[in-house]
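What follows is a pair of complexes built around chain A, which joins chain B in one and chain C in the other.
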Partner chain A sequence: MDGSRGVAENLTPGTAVRRESHASGQPGSAVRREWQRFTAGERLARFAVYFFVVAAFVLSLGTVEVIPEFLWDAPAQVQDLLVRMWPPDYAHYPASVHAALVETLHMATLGTVIAVLLAVPLGLLAASNVMPSRTVNTVAKLALVTSRSVNSLVWALLFIAVFGPGALAGTLAIAFRSIGFVGKLLGEALEEAHRGPVEALKASGAPWPSLLVFGYWPQVKPAFWALVLLRWDINVRESAVLGLVGAGGIGVALNTAMNLFQWDRVAVVLLAIFAVVIVAEVVVTWVRGRIL
Partner chain B sequence: MSEAAAGTGAKARSAGSAAPAAAAALELRGLQKSYVRGKPVLRAIDLSIAGTGLTAIIGPSGTGKSTLIRCVNRLVEPSGGQVLLDGEDLTALRGRSLRLARRRIGMVFQEYNLVERLTVIENLLCGRLGHVGALRAWLRRFPPADIDRAFELLDAVGLADFAKTRADALSGGQRQRVGIARALMQQPRLLLADEPTSSLDPKTSVEVMELMRGLCAQRGIPVIVNMHDVELARRFAARIIGMSGGRVVFDGPATALTDEHLKQIYGGEGWLA
Partner chain C sequence: MNEALAGGGSSGKPVPGSRRAFEPDWLARLGWLAAILYVVYAASLLDFTWARFVTGLEQAARFFDRMFPPDFSRWEAVLKGLKESLEIAVLASVGGILLSLPIGFLAARNLMPAWVNWPARAVIALCRTFHPVIVAIIFVKAVGFGALAGILALVIASVGFIAKLFAEAIEEISLKQVEAVRATGASFMNVIAFGVLPQVAARFIGFSTYQFDSNVRNSTMVGIVGAGGIGAPLFVAFQRFDYDVVCAILIAIVAVVFLCEILSNQVKRVFGEAVQDGREPRRG
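Entry: the complex of A and B
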């Protein structure tokens, strides 16, 4: 800093005097104005945040109680698993995996459709610019949070208790978990819509439904389809898990194979899920490109 | 083509509105607005706008020009006073009756406020949303007369080739032409324009003002325009209203506006060439 002082003095106009920071006694020279990004208090606060992050990491390592033997053992176990999985039992696919896979896709799609039907009204009510009542916004947001706060496995267990095990419970579990996701993101997209076009239509005497259809919908349309597709994509993967609790789909096949230690069949199921996820990704990307 | 458009416009207007052309189309009586209690933006404005001609409102930023215009169609809720459109007090209206009153007032915006992802022709038809039911509009089943009028107005604003172009592909000047055409689709009794040229270059500004004045003169629609550009106001307005501090400090023909008045409106004089 001292090295640059002379330069700074030459560049600074002689009128600005704020603080005598050096007592070199040069006549008529300007005092350098200092600038720092953070105040002392801010620096202390930042240090505190870093300190707590590190402390939390160390503390949680202690709580997890890693058993060293199991950790060192892991590579051998993984290797063993892979050997048992290879070669995959491809004959198992037409026998029982295919039907389960199709059921999974049906569950994901139907669940997403039901979720969208229920999420659109909630999203509209949650958006403060569309529905200017604070109370209604809060109630709608509460409903959306409720849907999101319950994991789809838990939803599945609830619906299995009501409807018994099977695809219906799985479909509804997917639907109810997705309402919160779609509704929240739709509400946020609506709140980010520009006021201008809506104001223009309002000024022309358009009724409320027309404001939605012509003012808001064209603005949120890309976001809406993008998030519906994303949710469908998530649901395809999620419905694979739901079978573990008996809610139908390919998860049931996976669970059965695992319980019987038929690792070559497990491999086929995992490959099938992987293929579906890849195809879903490709489809979603293509459709998104077409919509935007 | 534009004569045909003017013909249909005039016919429909004379059928729709019973007020004689000479009477005041719009009257403001003691119009007040304060966004924060005790800090009035508009202080008891009294104005009477005749049935024809272009009136420009000039004044420094933040002096309430926009608020004044938005109080007319109640995009901003007035705090006091009356807004009379053809003798009907708009400040008393609620719900559906307010909506029906708004149909009679066209509005043009600084940022155009088009629905960007819709085509030009759909944006024009948006001007009919006050008349067409939401379901019919959603299914794009607008009355044939509306579609004819939309094409006539597209011809009149010189955008006939852009009917199926999306609004976000247009230039600023083209967008504002669409904005004007959309407002005229309402067959309004009055046109409000809130800084319609502030986002446009000087040449385009003149073209847009020319178009707006011409089309409205043909149809006998009075226009109220907020403007920043004093020279543009002098050139296009028959009457100029100068505002300062929420009050009208000048009101007269454009020719009567002197540097003295401008000093009074904007304050200081160093900026006057």
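Entry: the complex of A and C
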């Protein structure tokens, strides 16, 4: 069995299972071998997945409430939308979009900074090699999961209920949503760190802050900056939406323009978001090239 | 010999070529200083005062007080909303995955000429630019309120994510296997099916299940702009200050998100053995 797997692995991706059917009592009889990529259990599991996917798709397609008239109407509606959006009301930009755009960037950046400040200790506590206590690991991981499983819009609604509408709620929403992301990935990066440098430091009698700064930090530095940049990039996109529920930023301008059906202004806001997202992506690519 | 080991030598000044471990990086320190200054400046814009913090704490206490116990009395509406959210997520994932396959192939720079992959990459970049909720706004205008707008918005989001990572995965494949298949005289489609797909299939499944999770999360939110699902009841409950209902809906959402995550982990495990094979070519 083991031998056949070894040979088969070189031939096909995946494991192979050999089914032999040769009469045991007759040496020299024709040996018929059937090669199969998966065991019966694996095939059954795969079939179950396929079946489940198809069933979910068919069920959803059958029960989802879609009004066909709206669908036939769509091209006309899109055309109408584009006509109303064109030409964009550029005069609106300096009047009220620019300030909101800057606010959005501040929300994203400050939110990321707060998230990193809170996520680093949590990430350290969640990494089993840094913090040997399993209970602490689990508690930290639970905190990180909670942060991640609540959408940033929901975080925004919660903070609006506490601090009232405005950029403060948005910043905190961004921060609390990002803690889980940064903390989880940082914890995983820490767990992948080599023990060598840390043990060398420990052997020389270094106190634990030195272990962190000189043992772990140089090892996780590239991963850390990469994920902070990635999260900032995501946060720029997300902070543009939070205004829809009143948490400050450019979403407020978008919401106002939409509620008043000023589609030419909506177009300006969308263009502004588009430009900022592209700039953010260029900045992230450039910084990543410089730092990593 | 000893002096060479000591590095710095006996004089206080380090000889050129000597190295100090962890040399201070003044440029980096300047950067940190700038970052701190920025944070102070940006935080001052938030208009965050001690008084506001104290009232905030009071508000939070009242808020949590009203949240508990969660009010599940309108569970039928919650269940209906959740069902619609799940339908949106499933349909959007299927649509997004089916669209991502061809777009991802077209965007892979090692398989396609520049005049094909640039438009494909532009499409992917466009899909990635806007948050799903903003895309949902556009689709609500185009196809009206309801689940369809949510589905279309999440299809766009799925294409932006899966096709991008899929194209990157294809760009990392080993070309040896592709060449081998091509050497047998295989047609282009055969090269794709037997030379390229087996190398990236496992990663494709990984991206797809991840995006499904993400679609489930987002499908609970697109309702805020009227694109169907549980988001609308949630937002309405918030605006009416029915925080106990909000709490019930949030618990239901978190439960569904968790269940879906367990499901997609299971799917990843079923295709788990293949995952290692997917990494095989890059190791060699």
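As a working rule, the second predicted complex is superposed on the first by the 256 of 292 C-alpha atoms of A that agree within 3 Å, B and C clash if a C-alpha of one lies under 4 Å from a C-alpha of the other, contacts with A are read in each partner's own complex, and residues count from 1 in each chain.
Heads up, the rule we're going with is that contacts are C-beta pairs under 8 Å (C-beta built on N, C-alpha and C of every residue); 3 or more make two chains touch, one makes a residue touch a chain.
Being a predicted model, the structure only gives us computed values, none of them experimental.
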Partner chain(s) touched by A:202 [first = chain B, second = chain C, both, neither]: first
Contacts of A:138 with chain B and chain C, given as first, second, both or neither: neither
First, second, both or neither for A:285, with chain B first and chain C second: neither
Partner chain in contact with A:129 - chain B first, chain C second, else both or neither: neither
Which of chain B and chain C A:215 touches, first, second, both or neither: first
In the superposition, chain B vs chain C on chain A residues touched: C
On chain A, the residue positions that both chain B and chain C contact, one per complex: 214
Touch list for chain C against partner chain A, complex: 22, 35, 38-39, 42-43, 45-48, 52, 56, 59-60, 63, 83-84, 86-88, 90-91, 94, 129-131, 133-134, 137-138, 141-144, 146-148, 151, 198-199, 217-218, 220-221, 224-225, 228, 234-235, 238, 243, 246, 250, 254, 257-258, 267, 270-271, 273-274, 277, 280
Residue ranges of chain A touching chain C (in the complex, touch as defined): 13-15, 42, 45-46, 48-49, 53, 56-57, 59-61, 63-67, 70-71, 73-74, 77-78, 81, 103, 106, 109-110, 113, 149-151, 153-154, 157-158, 161-164, 166-168, 171, 214, 237-238, 240-241, 244-245, 254, 258, 270, 273-274, 277-278
Contacting residues of chain A [partner chain B, same complex]: 196-197, 199-207, 209-210, 213-215, 218-219, 221
Residue ranges of chain B touching chain A (in the complex, touch as defined): 73, 75, 99-103, 105-107, 109, 111-118, 126-127, 129-131, 133-135, 137-138, 179, 182-183, 186
